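Two complexes follow with chain A in common, the first pairing it with chain B and the second with chain C.
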Partner chain A sequence: MLIELLTDKYPGMRFWLTQRLTALVMAAYLVLVILLLVIVQPARFEAWHALVSPVWFRLATILFFASLCMHAWLGVRDVLRDYVFNQGLRGYLQIIVDVLLVIYFVWLCFILWNL
Partner chain B sequence: MKFSIYRYNPDVDAKPYMQEFDVALQEEDHMLLDALLRIKELDDTLSLRKSCREGVCGSDAMNINGKNGLACITKLADLEEPIVLRPMPGLPVIRDLIVDMTQFFEHYNSVKPYLINHDPLPETERLQSPEDRAKLDGMYECILCGACTTSCPSFWWNPDKFVGPSGLMQANRFIMDSRDQAIEERLENLEDPYRLYRCHNIMNCVEVCPKKLNPNAAIANIKDLKIARAKDKKPAKKIFGIKVG
Partner chain C sequence: MKKNQQKNRPKNLNLFTIRLPINAVVSILHRASGVALFLVLPLLLLAFQASVKSPESYVEVANIFGAWWVKLLLIGLSWAFFHHFFAGIRHLLQDVHWMTSLQKARFSSRVVLWLVGVSVVIFGISIW
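The block that comes next holds the complex of A and B.
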């Protein structure tokens, strides 16, 4: 099973694969949004509102942002591993990124639930 | 022809410096190595490795106008003057253009670059079909010059942990060998977060390889194989600490 690769038995592959899987989710969402925009062609606020309000769209958007946050977390984690060799500094930088990503995600949920 | 060459003799020099040379070439001097040997006639303290002088031994790999390559198969006519020569980056310099390749060969050694087969030795050789043999093309030709690994930023940042394109291509060369029986061990040997996964596909290795090989494709193949083989395994019980089965 492919899911096996996401376990801690694969400390390298799980992160590499997660980055690819989240990229696939983001790509699928972008195709969906582009198709919707082409089909619906919302010009006014009401049309936009009607487009993004359905629960399924909000859930898809949350899934997209969760993937984006995970993808960004993995990317920054890679950069920090490559360039920051001081373990303490790397830890602090990682915490800043983690906190920022959580804030962004909560902010997005807040926006979506107040539509 | 004008040259600017990295000089460093740790017994004499406090720090490395660039030395300018203006050398008159002979009609038969076509390759960079020919010019270097002319320079050596002017200054025999200039140190470099060389052996086969035809791109087979991999001794004279160096950084030529900012790009790693073999001096013996680099045409002088293709180079812009002054030709700037430096040792390959990312490895300790022993002297002038000679680097200490211990780290490089330790990584090479770590992927067990030899056939592992537990069957009794056959009377003659272990046979392969032409199709299986063809799977080794583009990998067995590697001459271990180190041009790819020392042009890889992932190797520069983590030289002690990341195996590097050359070592990984050799790992893939034995993974793909139909006569080898240690695929599982070989894949597991590369599962650490650093050994294989520091590769971010920037493809400097492909760009510089003097034998026109593609270590990046070999690295991608190792990852693909891991995925393909995992599909046959039992389902996982825990993902990122969460029970799923």
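The block that comes next holds the complex of A and C.
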């Protein structure tokens, strides 16, 4: 049933499911990070740096941010389709959003790489 | 003929006389908060980058976040986050057919607004 919904017969379903799955990934990560911040309370640079430096934290952050980019892409795409009626303008705006999200993702990878 | 009939239907798009039901309020705020979070992404990345770069840049970020007007902005941002978070969880629960009747949906909308309010207050108190 679920597998059939993900075939080409229902093209929107993959977007729908992606939006939900990325939401769950982000929610899990954010609850974890908020708990960590409340427990550790890193008040100085050294503590803060030590908190975000472990490999597992960096990997989790990359997974989180990849989810965020996909989620934001789908959300902004829906918003543009609802409010920007001029096809050409909407296309340009969508390209700007796409480029921005790619830049943000590369940027985050760069930050985490240089920790 | 049918098209004409549709065109003659009365419309009311006056934003000052439309009163949104609570479910619609939660829904449009979910969208608005999502757009706000997207727009603020580069600033968050900048702040994160500076905070982990060096002890000096960390202190700079801490000083900026210490200004009262930045704290106000952060509280506004926390509202966008908490609303998107809780309203999103409500949508996910509705996706699995939980609390989908009109009455229950109204109730869960109120729960979302309360959770958001309480979370923002706790966040505001803890950063002030």
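The criterion applied here is as follows: the second predicted complex is superposed on the first by the 106 of 115 C-alpha atoms of A that agree within 3 Å, B and C clash if a C-alpha of one lies under 4 Å from a C-alpha of the other, contacts with A are read in each partner's own complex, and residues count from 1 in each chain.
Following the convention adopted for this analysis, a residue touches a chain if its C-beta (ideal position, glycine included) is under 8 Å from a C-beta of that chain, and two chains touch if they have at least 3 such contacts.
In this text, all values refer to a predicted model and were calculated from it rather than measured experimentally.
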**Request:** Tell me which partner A:2 touches in the superposition: chain B (first), chain C (second), both or neither.
**Result:** first
**Message:** Contact-wise, after the overlay, does A:83 reach chain B, chain C, both or neither (first, second, both, neither)?
**Reply:** first
**Request:** State whether A:10 touches chain B only (first), chain C only (second), both chains, or neither.
**Result:** first
**Asked** Between chain B (first) and chain C (second), which, if any, makes contact with A:63: first, second, both or neither?
**Response** neither
**Asked** So, does A:108 touch the first partner chain B, the second partner chain C, both, or neither?
**Response** second
**Request:** Figure out whether A:49 sits in contact with chain B (first) or chain C (second), or with both, or with neither.
**Result:** second
**Complete:** Where chain B and chain C land on the same part of chain A: residues none
**Request:** Show which residues of chain B lie in contact with chain A when the two form their complex.
**Result:** 153-154, 157-158, 190-198, 200, 223, 226-227, 230-231, 233-241, 244
**Message:** Per the contact definition, I'd like the list of chain A residues that touch chain C in the complex.
**Reply:** 20, 23-24, 27, 30, 44-46, 48-49, 52, 72, 75-76, 79, 100, 104, 107-108, 111, 114-115
**Item:** Complex contacts: residues of chain A adjacent to chain B
**Value:** 1-8, 10-17, 78, 81-83
**Item:** Complex contact set, residues of chain C against chain A
**Value:** 31, 34-35, 37-38, 41-42, 45, 48-49, 51-55, 58-59, 85, 88-89, 92, 95
